[in-house]
Amino acid sequence: MIDFSQSTPVILSEVRQLTPTRRELVLNMGPQHPSTHGVLRIRLTLEGETVIACDPVIGYLHRGVEKLGESHRYAQFVPWTDRTDYVAAPSNNLGYVLAVEKLCGIQAPERAQYWRMIMAELTRLASHLVWLGTHALDIGALSVSLYTFRDRELILDIFEKFCGARLTTNMMEIGGFSREIPPELPEMVREFCRYFPKAIQQYEDLLTENPIWLARTKGVGIIEPDVAINYGLTGACLRGSGVNYDVRKAMPYLLYDRVEFDVPLGTHGDVYDRYLVRIEEMRQSIRIIEQCLEQVPTDGPLMAYESQYVIPPHKNVMTTAEDMQRHFIWVIKGFSPPKGEVYHAVEHSKGELGYYIVSDGSPIPYRLRIRSPDFVNLQSLPYMAQGAMLADIVALIGTIDIVLGSVDR
Amino acid sequence: MDWQRLLVSYFVGFVLLNVLLGLMAYMTWFERRVLARMQHRVGPNRTGPFGLLQPIADGIKLLAKEDIVPANADRLVFLVAPLLSFALAPLGAAVIPFGESLHLFGLEIPLLVADINVAVLYVLALGSIGVYGIILGGYASGNRYSLLGALRSTAQVISYELVLGLSLVGVFILAGSFSLQDILREQQRVLVIGPLTLPNWYILSQPLAFALFLIAAVAETNRAPFDLPEAETELVAGYFTEYSGFRFSFYFLAEYINMIVVSLLAGTLFVGGIDGPFADGVWWLALKALFFLFFYVWLRATLPRFRYDQLMGLAWKVLLPLALLNIGLTGLVRLWGIGAL
Amino acid sequence: MSLQVLIFSLLACVSILGALGVVIARNPVHSAIGLVLSFLNVAAIYLIARAEFLAVVQVIVYAGAVIVLVVFVTMLVHPDDLPEFHGRRPLRIVTGLVLGVALLLEVAAAVLTRSLSGAPGPWTDEAVAAVGGNTQALGQTLYSDYMLAIQLTALLLLAATIGAIVLARPEAVSERVAAARRTLTISLAHPRGLDQPERPPALPRPSDGQVKPAGSGRPIVLARSANEFTEQPAWGEWRTP
Amino acid sequence: MSEPRPVPAPTATSPWDTTGYWGPTDPEQHPAVRLIRERFPDALREATVFRDEMTIRVDRRALRDVVEFLRTHPELRYNHLTDITAVDMLYLRERPRFDVVVQLYSIPRRQRLRVKCGVDDGETVPSLVPIFAGANWLERECYDMFGIIFEGHPDLRRILLPEDWDEGHPLRKDYPLRGYRDYVQPGFESPAPRIRGTLRRPGP
Amino acid sequence: MTELSATHFLLLSAALFIIGMVGVLTRRNILVIFMCIELMLNAVNVSLIGFAWELHQLTGQVFALFVIAIAAAEAVVGLGIVMALTRRADTVDIDELRQLRE
C-alpha cells in the first residue's frame, strides 16, 4: 500500500528559459483569443503541433480586489465578490459572508441557511453549465453551448425572482437575508428540478458516447492524484483524479451535514473524467436542492436580527428609535468585528473558495485575501500540456474551468 | 458552327456561375436557419421575409468593410490568394450535367458547360489547385495562426484528396469512364434483381465508396468536424485570420461554392444525378444536393472537432485501406463478370 | 499563323516566364508560385497536343501534390537550417548563365535544322476516338505493351514512400517528451522532476455500490462520506504502462 | 442621539468556536503544536486560537522545515497547501513588517492549520516550492503584491501586474489606493487627440 | 512555322530545360534547386508529348507518365532528405548528447 497522502517529493530541474530553438514556434495564445475564456494569455512553444513548453501569463483582468477590500467596510465588499467569479456570483457572496459571520461569531437562522444552500447549488449548476457549454464549444461541439445557455437562463430567472439581479447578484447578506422569500420561488425551483435531469441527459446524449468527444478527451491531460495534491488543486480537478476532497463533505458549512449527497470521483484523472465528475455533480446538486426544499421551514426568521452586526429589520427601523439609530450607524459607520483572523472556505463550483480576513477591530478589514480556486488550479496547465497537441490546450483550459475574473481578482 | 457552340457554352457557363453565386448566398441563409433550428434558436429573420434578404445585407456589409493588409504580410501573395481560391471554386460545376439538351431559338443548348472525357479527374485537379488559395493566404498573412492553419490545411487536403480520388476508382471501374455523362448514363439503366427493380445508382453497388467519398468531401471542403484549418477555438480563424472585407468574403464564398459543387458531384456520381422517379430533371439533382448540404449543416451542429493527429490517422490508417479494399473488391467483381448485370 | 500557334505561343511564354520566376525569385514560396504557373500552362499545352489525361495528371501530381509538398516543407523549415550547396559566388553565376545561353543556342539550332525522322504511329485522332478517348487509348497501351514498366514504377513508388517515411520519421512523441523531461523543464516547479515514482501495487477497488457507470465503459466512484478515498485515491489505473 | 451599543465580545457559545475542523482548540492538546515543539524547540514562537482556528507562528528561517515536517509526519500529514499569502503589519506592530501566512490542510485527517512567520523588509523567506508545486504562483503573487523575497523559488517574477511594473508592491499598506501615478500604457505616453471620434494612433 | 509542329514543343522544352539547369547551377537554396530539377523533368515531358502528338504515337505519352511518376517519387525522397537534414542541422541538446555518447 502506498502512502498516498505523502506525495512524491518535488525535484526541481533547472529553469528553462523560453527561448525557442529554430525548429520551434512560439505562439502567443491570447490575451485576445476565442478559447482562453477571457484574457488568459499562454505562451506556447510548439514543435509542429506538439507543445514543448507552456507558460500561462495572467493578470490582464487584475483589478486589485484585495486592495479594494482594505478600503471598503465589511458589508460594502459583498458586491465586489460578485465581480471575482462572475459566472458564480452567489457562491462568492456566500464564501465572503460566511467568513465575516465567522469573524463576528454569528450565524444565520436555519431557514436562511437552507435558502443559501439552494442558491449555492443553483449557482453551481449555472457555473457548470457555462463550463460545459464553453468546454464543448472549445472542442468544437457547437450546439451544446446553446443548450446549456438555454437552461442557464432558467437558473438566472430564479435568481432574478429571488433578488432582482441575474449575473452579479449581490444576493447574500451578512446575517442572512433581509427580504422575504418570494412565495412563488419554491415552486419555481421545484419546477426547475423536475426539468433539469432531462436537460443533463440531453447533453450527455450529445457528448458522453460521442467518439470524437472521447478521442479528444480520453487520456488527455492526465493528472495523477499525488500530483494533483501537490499542486494544491481542489474541486473537480482534484476529484477527477480520485481524491475525495469536497469542502461540503469534509468540513460541512451551512447545513450540508443534513442533506444526503455523494461526491463523484474520477478514476483516470483525464479531461473525460473531469467531465464525468462535473456532470454527476450537477445531478447531485439537484438532489441537494430537492432535499433542501423538503426540509426548509416555510416561515421563520431569515436574518440574525438580534445581532449587532446585521442590518436591523426594515419594519423596526421605521417604528423604533433604537433600531433606527442602529440602522443609521450600520449604514454610515459600518460595524466593527472583534480583532482576529479567520479563514473560511466554501465549495465553489470550481473548487475551494476561501476568504482569509484579518480584522484589527475597525469597520474595515485590515487584510482581505481571496483564495480563488481557479488561480491555484490553473497552475497545473503546464503539467498537463506537456507533450500535448495544440488542439489539446483548449481542452485543457476548458477542463480546468477558469474564470479570469477570479484568477486575476 | 464551332464558334456558335463555343458561345452557347460560354452562355451556359455564365448562367451557371450566376446561379451558383445566388445559391451560395442562400446556402449561408439555409445553414444559419437550419443550424438555428437545431440549436433552439430563431436564426436570421429580420431582414426581409424569413430573413431572406440577410445574405444580401451580409454581402453589402462585407463589401463596405476596410480591406486591411497586415504590415508584415507578403503583400502581393496576400492580395491574390483569396482570388485564386474564389476563382477555382465554381469551375468544378462546369462538368456536371444538369439534364438533356434544350432546344431554344433553333439552337441546341446542352445543360452542361463542357463534356470532357476526364471530367472527374478535372474536378479532382481543381481541388488540388484550390488548396493553393489556402496555403498562400495562410503563408502570406505573416501570422502564426494563419501559418499553422495553412500547414494543417496542406496536410489535410493532400491526405483526403487521396481518399477522395481512390474512393471514386470503384465508380470508374464500374462505369468504364471518367466522363460524368457516361457515369450518369450508366446509372440511368435499371437494375433488375429478381422481383426488385432498382435504379443502377452507384450508392447501391458502391456503398463503401459512397461513405468514403462523403467523409473525404467534408474534409476536402474544410467543414466540421474536419474544419481544422480554420478551427476558431484553436487558431482563431486559421488561414484567414488576417483577412477582412471582401477578401474574407472570397474565402467564404469559395467554401460555400465548394460545398455546393461537391454536393452536386456526390449527387451525380452516386445517386443518379438528374435521374429519379416520375420525371427526370434538374430538380432531382437539386433535391439530392440539398440533402447533402443539409448533411453538412447537420454534421456541424452535432459533432466536435477532430484533433490534427486523429484526422491524419483517420485518413491514412482507416479510410485509405478501406478505399484500397473497395478498389480490389470492385476490380474482382468486374473481372469475374458478376457485376456485369 | 494559325490560332493554334498563337495560343501555343501565349501559353509557352507564360510558362517560360513562370520558369524564370522560379530561378529569379528570392523567396522559395514565390519560386513555387512561378513553378505552379509554369506547370499549369504546360498542362494547357498538353491539351493542345490531345493528351487530356496527361494534362490532368500533370495538374494533380505536379501542381497538386509535388509543389504543395515543396511549399509545405518550405513553410515548415527555417531557411537558415537548409544546407547550402554552394556559395553565392558571381563567377559561378556567370558561368551558369553563359553555359545556359550557349546550350540554348546549340539546342535551338539543332531543333530548327532537324530533319523529321520516325514513322507516324497508328494513333490518329480518329483511332483514339474510336477506343473512347485519350484515357482509354493510353490505358490500353499502358496495360498491354508496358505492363512490366508499370509494375516497376509501382515498385519504385512503394520504395520511395517507404524511404520517405523512414527519412522523415520524427522521433516518437513519447521519446521526445521524455527527452524534454530530461533536459528541459516545461513548467517551473515541476512536481515530477527527474524521478519516476515506483509503480505502486494495485489499489483496492471501491465497493460495487459506489461504482456508477458513467460513459464509454468508464465508471465514476461516488464517495458517500468524507472519510473514504482520502488515504487512497479512487484511481483505477495508477498509470497506464 | 445616543452612542451605539458596544459590540458584544464573542462568547464561547458561538457556533463557530466548536467546528473542530482545526483540531483541538487548546494549543497544548493540538498534535501539531506538541510535535513541532518537540522537533523544533527554537523555531516555535507561539500558538494562538481564534474562533477555533489554530495558528502557529514560527521563525521565518525554519518555515520550510516546519512545513515539510507537518507534511510528512505520519501523525500530521498536512499534505495540501491551500494558500500562501502575506499581511502587511505596518499599522499593527513595529517589527517585523510582514506576516507570511501559510494555510495547510490535511486531506486524510480533514484538519486545517495555519502557519505564520514574520518577515521584515529585506529579509527572505524560504520558498515552499520544493515541497509543494502549488506554492509557485502563490509565492509569485506574494512577491508581486508585497515584495517578499522567497529564497529558492525558481522563477520569482511578477504575476498579476505587468512585468515592467516598477512602482512597488500594491498590497503594502503605504501604497496609495490609486497608485503613485496613473498607469500609462507604453506607446500612449502623449495624450492622443481624438479626431472625429476615433483615437489616432501615435506614430512609431 | 505557320502550323503548329513538334518544333514548337522542342523549343519550349529546350527553354524550360535550360532555365531549370541555370537555376540548379546558380541557386543555393536546396528547395529551389529541387524545384528547378522538377522543371527540367517537366521540360523533357513537353518534348515527349510534342513528338507523340506529331507522330500519332502514344509511346511518348506513356513515357511522360512514367517521368511524372518518377518525379513524384523523387520529390518524396528529396523532401524527406530535406526534412532529415534540417532536423540534423538544428541541434537541440538531446542530439548533441546522443552524438557524444556514440
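Lettered A, B, C, D and E in written order, each chain numbered from 1.
One rule holds for everything that comes next: a contact is a pair of C-beta atoms (placed from the backbone, for glycine too) under 8 Å apart; a residue touches a chain by one contact, two chains touch by 3 or more.
If you're wondering where the values come from, they're calculated on a predicted model, not measured in any experiment.
Peer 1: With chain B gone and nothing shifted, sort the other chains into their touching clusters.
Peer 2: one piece
Peer 1: By the touch criterion stated at the start, how many steps lie between chain D and chain E on the shortest route?
Peer 2: The least step count works out to 2.
Peer 1: Work out the mean Cα position per chain and let me know which chain is farthest from chain E.
Peer 2: Using the mean of the C-alpha atoms as each chain's centre, the farthest one from chain E is D.
Peer 1: Count the C-beta pairs in contact for B-C and for A-D, then report the pair with the higher count.
Peer 2: The comparison resolves to A-D.
Peer 1: Please identify the chain with the largest separation between its CA centroid and the CA centroid of chain B.
Peer 2: D
Peer 1: What is the distance in Å between the mean C-alpha positions of chain A and chain E?
Peer 2: 62
Peer 1: How far is the middle of chain A from the middle of chain B, if each middle is the mean of its Cα atoms, in Å?
Peer 2: 46
Peer 1: How far is the middle of chain C from the middle of chain D, if each middle is the mean of its Cα atoms, in Å?
Peer 2: About 57 Å separates the centre of chain C from that of chain D.
Peer 1: For chain D, write out the residues touching at least two other chains, lowest number first.
Peer 2: Expected reply: 107-108, 110, 129, 133, 135-136, 154-155.
Peer 1: What positions in chain E touch 2 or more of the other chains?
Peer 2: 86-87, 90, 92
Peer 1: Note the residues in chain B that touch 2 or more other chains, in rising order.
Peer 2: Not one residue in chain B touches at least two other chains.
Peer 1: Which positions of chain E touch chain C when the two form their complex?
Peer 2: Per the touch definition, chain E meets chain C at residues 1-4, 6-12, 14-23, 25-36, 38-39, 42, 45-46, 49-59, 61-62, 64-66, 68-77, 79-87, 89-90, 92-94, 97.
Peer 1: Can you check the complex and tell me which residues of chain A touch chain C?
Peer 2: Where chain A meets chain C, its residues are 1-2, 4-5, 7-8, 10-16, 22-23, 47-48, 50, 52-54, 204, 208-209, 214, 218-219, 222, 224-227, 230-231, 241-246, 249-250, 262-269, 272-273, 276-277, 279-280, 382-383, 385-387.
Peer 1: In their shared complex, at which residues does chain C touch chain D?
Peer 2: Of all residues in chain C, those touching chain D are 187-191, 226-227, 230-231.
Peer 1: What residues on chain D touch chain A, complex-wise?
Peer 2: Going through chain D, the ones touching chain A are 1-2, 4-5, 7-11, 14-17, 19, 21, 50-51, 53, 55, 71-72, 77, 79-83, 85, 87-88, 91-92, 101, 103, 106-108, 110, 112, 114, 129-138, 141, 145, 154-155, 158-162, 170-171, 173, 175, 177.
Peer 1: Tell me, which parts of chain A touch chain D in their complex?
Peer 2: Where chain A meets chain D, its residues are 5-7, 9-10, 12, 15, 58-59, 62, 64, 66-68, 70-71, 101-107, 227, 229-233, 243-245, 250-251, 308, 325-326, 329, 333, 335-338, 340-343, 345, 352, 354, 356, 358, 360, 366-367, 369, 371, 375-376, 378-379, 383, 408-409.
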